[in-house]
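As written, the chains take the letters A, B, C, D, E, F, G and H, and residue 1 is the first residue of each chain.
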Amino acid sequence: MGMTKTIFSGFGGQGVLMMGYVLATSGMYEDKHVTYLPSYGAEVRGGTANCTITVSDEPIASPVASFPDFAVLMNTPSLMRFEGRIKPGGTIFLNSDMVELRPKRPDIQVVAIPVNSIADRLGNARGANMVMIGALVQKTGLVSLKSVIKSAKSIFEKKGSKVHRMNTLAIKEGAAFVDGELQA
Amino acid sequence: MKKGFIRINSELCKGCGLCVTACPKALIRTSSKLNITGYHPAEYTEREKSKNRKCTGCALCAIICPDIAIEVFRD
Amino acid sequence: MTKQLMRGSHVIAEAATRAGCRFYAGYPITPQNEVPEYMSQRFAKLEDATFIQAESELAAINMVMGASMAGVRAMTSSSSPGISLKQEGISYMAGMELPAVVVNTMRGGPGLGNIAPTQQDYFQATRGGGHGGYRTIVVAPCSGQELVTLTIKAFDLADTYRMTVVLLGDGLMGQMMEPVTFPDPIDPATLPKKDWVLDGARDRDSRLIASLILDPVKMEQFNWKLARKYAAICERETQYESYLLDDAVLAVVAFGTAARIAKGAVNRVRKAGVKAGLFRPITLWPFPGKELRALTRTIKHMLVFEMNFGQMVEDVKISVGEQAAVHFHGRPGGIISTPHEIADAITKVMYRME
Amino acid sequence: MTNTMPKQVFKRPQSLKENVFHYCPGCGHSIIHRLIAEVIDEFGIRDRTVGVPPAGCAVLAYNYIDVDMGEAPHGRAVAVATGIKRVRPDLIVFTYQGDGDLAAIGTAEAIHAANRGERLSVIFVNNAVYGMTGGQMAPTTVLGQITTTTPGGRSALRDGFPLDLSQMLAVARGSVYIERTAVTSPKNIIKTKKAIKKAFQVQMDGLGFALVEILSPCPINWKLSPVESCRWVEEEVVKSYPLGVIKDTTSTQDLVNKVKKGKRRKT
Amino acid sequence: MTKQLMRGSHVIAEAATRAGCRFYAGYPITPQNEVPEYMSQRFAKLEDATFIQAESELAAINMVMGASMAGVRAMTSSSSPGISLKQEGISYMAGMELPAVVVNTMRGGPGLGNIAPTQQDYFQATRGGGHGGYRTIVVAPCSGQELVTLTIKAFDLADTYRMTVVLLGDGLMGQMMEPVTFPDPIDPATLPKKDWVLDGARDRDSRLIASLILDPVKMEQFNWKLARKYAAICERETQYESYLLDDAVLAVVAFGTAARIAKGAVNRVRKAGVKAGLFRPITLWPFPGKELRALTRTIKHMLVFEMNFGQMVEDVKISVGEQAAVHFHGRPGGIISTPHEIADAITKVMYRME
Amino acid sequence: MTNTMPKQVFKRPQSLKENVFHYCPGCGHSIIHRLIAEVIDEFGIRDRTVGVPPAGCAVLAYNYIDVDMGEAPHGRAVAVATGIKRVRPDLIVFTYQGDGDLAAIGTAEAIHAANRGERLSVIFVNNAVYGMTGGQMAPTTVLGQITTTTPGGRSALRDGFPLDLSQMLAVARGSVYIERTAVTSPKNIIKTKKAIKKAFQVQMDGLGFALVEILSPCPINWKLSPVESCRWVEEEVVKSYPLGVIKDTTSTQDLVNKVKKGKRRKT
Amino acid sequence: MKKGFIRINSELCKGCGLCVTACPKALIRTSSKLNITGYHPAEYTEREKSKNRKCTGCALCAIICPDIAIEVFRD
Amino acid sequence: MGMTKTIFSGFGGQGVLMMGYVLATSGMYEDKHVTYLPSYGAEVRGGTANCTITVSDEPIASPVASFPDFAVLMNTPSLMRFEGRIKPGGTIFLNSDMVELRPKRPDIQVVAIPVNSIADRLGNARGANMVMIGALVQKTGLVSLKSVIKSAKSIFEKKGSKVHRMNTLAIKEGAAFVDGELQA
């Protein structure tokens, strides 16, 4: 796929950094070049958290995404901030549970996913981000779903097998949603 | 008993819940809604409460509010 | 070892530990807090290691000085304003010929500035921001893996030459995660013995480590000794990367984060048939000036790209003299250029060339 | 009884700009900002007050408190403030410093400004942690407290004891008023305001160095809810830092200074 | 005014006072203790002046920062190690565009070194030893009378450009007595009003003086603003002395104490018929590079003489490129060369030339 | 009674090199050097003692005291010593610091080392002046004292009060032993030696931070004869700095530390 | 009463006079000569003194001597 | 006289810096170029004090004297230190009251003056340095005696007319001594 850049953005508590970490780890497992760049800056409080993941077949020059291919936007401020920056032809993955607005640009695709609802239904309220990541990779093929499940395992297993099981399920449900197999 | 009321600016509110504990009349609760910045703001609930749970305009809620989201009025 | 996805600051901390570093003193400052944070955890698990969160950067560098006097591989880390505060201490270590590793994760300045990645402290690092005209070796990594190798190398160089080695990164290097692999850890006990450390005058005369040299004649002798040491380092230790320079007509000269982006730009313009290449100094001091000058046989245009408004460009000018035209493109303040922007800058120079 | 218009009994002080605070939910900084603004309003000194905020979560205090402000490097606020006050003794100069700032890197400046009896009002916000940089141990961190650099909890042996800088400053003969308060309840907040007011009054009377240490919640770094944070301060933190007046020699100083006042410029 | 025989440090202090300086904070360090000592006496007699012996160099520079914020002409002085400690503060003042005068009476280093006169802090002064890539104007006097004029000029430049001006001397400049005359004192009340000072928001909006600029775009804009200011200074403010260069075939390039000795050497070799001259940069930053380069039309050999092991020589190289051969003679550590020694060095170069 | 050879009852300690002291006539530094050397001899620890002298008249202490020595920048001796001691807890590390060094530029380092309870012995030589640099005011200069930067005598209003750093260090919970002595008479010298010995003992027992503040004459800068200098200390200086034990918690610490000892390395 | 004597190294002595005041028997005085370094060194004067002014070897003079110029012996 | 360098050296209390100051001031009064360079260095205690005065008709390059023309040596250590450095043909002015040794170099002149005795005789024990300066200028003509008396006036008058008078006398006595008019 050459080089793709994905931005994840949302409130602090929405697990956006974890999504990025899972994606980057998955890329690494596939022996791709990957970079993970968080927005850092504890010097100012509040606001949204975001991170940029680059997955590439060649060495990565800049880990920054001026014009990301994909954007995973978990709340309204994130949509407002990033909509204008998506590369033409790119895709926004929107947490439709938290964002009522819809992007106005005609040159980008939008995938709206009620990740909170899905996660709630799975009894894993904190797993909305995993639902999203499942949806993202299933839709984009950035990495394989298998790699995502593998990296989730490596990350969550130490937190207990229940957490791990629940998150794996969430990932799969996210993937299933974009396959149209699920309605929230 | 003095009579008062408050006004909460739910967009300034960060849902810290300090006013909720501070109000001697327990007239404030945390909303289940999210505001634009992603917090569950405080809600003033006097109307729902019975007679002897009236706001006195004591301003304790406002004094502790870190975000000056509460204005207090007295008749 | 297997690959691990790790944040740059953690990579530095882990690599230092594996290099046998057993003393760390530091003070929080964004964007490098992850170094002390990692160290506080990592060293807690080692019997023979000390982590101190010092009361200031000044205290930290002076604690490092003490640990180094006692013979242990020691490190401190900070970011620009904190590094300014360490200058007196670094000068003292130069005067006492004490090894140490100092990490500067540069941020925007001057003053409090911001925490975005910049390369504004090149002069400070390469010219010795402290007094007395000493030098420090300066290494500038541009990837996670190079953070591993250069951190380890920094400790080796520090011990070899008994001097401070500065690892000069920026917030992007420190915050970015990339996959890295580590070599096996070094057991400090296996490192070469130092015959100058303060460890109690047992069966020998008492020792002194001091920088006070009242007699100007001796002071001058000492400074010439330093000058010779520095000359030897210039001779032996320059390190750089050449990328697509063989047939190039223009060389971008850049280090660290800027070099990464420049490489992307070179790849871009190459696709359009533009014969550009990249010269990346890995040691900023000693600056690979001879190697750069050698390029001028075939390359008559150098485009220096720095995340500041012009510092390394002076070293480039000194090196190439009038054998090549030296152009400059700078971004001071924390904006990270895109490869696209640098490609444009290259194209503009090429255009003017014709 | 006639029907009167409802009267607003609590509102934003005039010396506070309209900007939304950037602080985390439940942070004490914004409460303290408001108190300072109220005090400035009440004294009517907005047009001759200068604030000096150094690095720390409250470095942006100038976005809120509507007086002239000069930023100081981390730890050096009292030195900068000394420079301002000495050349313009007619101004009211206050610093606004965190515990990392005042009790770690700025220890020497704090002690010597107190010792020289600089006519400054120091607002010392002790949240037992480095807030801005993400929750590392501060000198004021209490024993056992987990921070990002004391993952196993602060250990006296490795990390030292909670540092009571105010007590040390009280030893300095130039300090005339030092009180420790908290912003964890309306009652404590009211006391804090009184203390801030007194610290300004001491300066206006030219008596010497005045400082209010304010125990202030940092819920995000304490990993507690705002409500829990307040409780933790009142139940635990006060054991290391008991509330109350630590030093007050204003009454005796008053006499001493009556004689000397106005002479500083010349000496 | 009549001539007075005065010690260099006293001359600086008196000239500062006459320039309208009304705030001094400093910390003792040899060989410049006579500056604070004189100030403590002088200011005691002025109604509107403040002398503070600070608890450290750090405190001193930050007090100066505060006094400058409040609009007063302010100064601090120190010697090499103490100047290292002031670097963070100087960087902040650059970031806040605050005027101030900083005197560095250089001594031998690195570390504690010694107190003999050297020129080892050229890099630190001209490249900004602090972080963030700022610049300070640097003036280098070489006589008692020039201490008068350059100290006064330093305050004027500082106010004009709202930046730090470094007066770079050495122990010899500071300790030597020469006859000097002073101009009449300036009444600070007559100095141009500053419209940015912190003096209470009376009938105006509140003001802010800060260096924190979180937004990288704005930070960059600010840095470009600084860059433009610096470029303007380079355009306007270079100052230098030419001595016997019209017919010269070799120019000695030296500043401060070294230049004085070099002038003696030039006189010596001239007597032997050797056509040497002296180029003396008075401002070290901005370096009079254009003027130096202009000389290369007729002069093909430059002998740089510094009391260090080679710093200004880089600026000379950058300036002359390959239009002249650049030779170097250095004495690091506090030995004061004789004119004889430099004459020898000149002769050697001339010999090789032929 | 048989005739015996005369026995030398006072001689140069072994741990003192033969060099002639560079100090001025009547200076206290060399007396204190000798006492330290005697203590090192008596404990037999010459081969595991490291000294850290910073800038000050006694920066050349290494020319006299015959142990390993590492120079520290002005004010940073305790920080340097901390680095040494933490990586080599088996060594006995002392610093030798002037009042300018410890109580001015090194205030922060002093307070935090004490607060962390660093196992160091600090010899704090208070001569109420910056000796080495030619007699400028120190934080410890007493009121009214004329120095080269207080030509009219130290004024509290302009220059601050005599700073009692030892009292401040006593507030730090990591300090276990602080005593103030003088070297102005044989009796005081003997007491000083005892105090130095105890400060070393405290370190050897691993109890915490120990400091001896020694009032020491600087005749040249005080512009008094050596004999007058001693008298001035005993009559005037002690009013600002009373002699005696300021803090001694060694007996209680003993118990506390029995449990913890040896654990520092790990923590 | 113990009996002792002292030896003063007049080249080490800087003439500070502290030993002169320290000696309970007043056995030391300052010489009018200069030593090589320009100081008037202390002189031991026991021989000149009367019987009840004998040195006891108490070492007080040596204890206070900043320059370790005095050695003390006891029989 | 072109350019001449004179070194003054002695113990701290012997007033050597004052001698230098008087000479330099005198030169200034004669509108000559002068420099006064003290040996500084309170960083080490003890030892001797010295200063170097250059008096010249042209601008002075270096105020340092590697090979002084004249040396005024007030004590034995000073003689030991500086004898070897005097320029061949130069002159040493020796305080014969304090220095028993005599220079061994054949290529330099020696003027031995019992300045302490002379000063004592004048009842101005602290004026030995003024005796010496009088002798120095009278012998060398570095500056005129008149200038020295003038500069002594400017320096000492503020200390009271007695000090000034006594010192003027001392200067004259020193001059008289080298004129052979006096024996100590």
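In this text, contacts are C-beta pairs under 8 Å (C-beta built on N, C-alpha and C of every residue); 3 or more make two chains touch, one makes a residue touch a chain.
Not measured: the values here are computed from a predicted model.
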item: Starting at chain D, fewest touch steps before arriving at chain G; value: 2
item: Of all other chains, the one whose Cα centre sits farthest from chain C; value: G
item: Inter-centroid spacing, chain H versus chain A (mean Cα positions, whole Å); value: 87
item: Chain centre separation in whole Å, for chain H relative to chain E (CA means); value: 35
item: Distance between the centres, which are taken as Cα means, of chain F and chain C, whole angstrom; value: 39
item: Rounded Å distance, chain B centre to chain F centre (Cα mean); value: 60
item: Residues of chain H whose C-beta touches two or more other chains; value: 41-44, 46
item: Residue list for chain E, restricted to those that touch at least two other chains; value: 30, 33, 44, 55-56, 58, 81, 88, 92, 96, 111-112, 114, 210-212, 214
item: Set of chain B residues in contact with two or more other chains; value: none
item: Residues of chain G that touch chain F when the two form their complex; value: 4-5, 12, 14-18, 20-22, 39, 57, 59-60, 62-68, 70-75
item: Interface residues, chain A side, partner chain C - complex; value: 21, 24-25, 28, 34-38, 40-43, 59-64, 66
item: Chain F - residues contacting chain E, complex; value: 55, 59, 71, 73-75, 100, 104-105, 107, 130, 132-134, 136-137, 139, 148-152, 158-159
item: Chain E to chain C touching residues, read off their complex; value: 58, 80-81, 83-85, 87-88, 91-96, 106, 108-114, 116, 120-124, 127-134, 210-224, 226-227, 308-311, 314, 317-318, 321-323, 331-335
item: Complex interface listing, chain G residues touching chain H; value: 34, 36-38
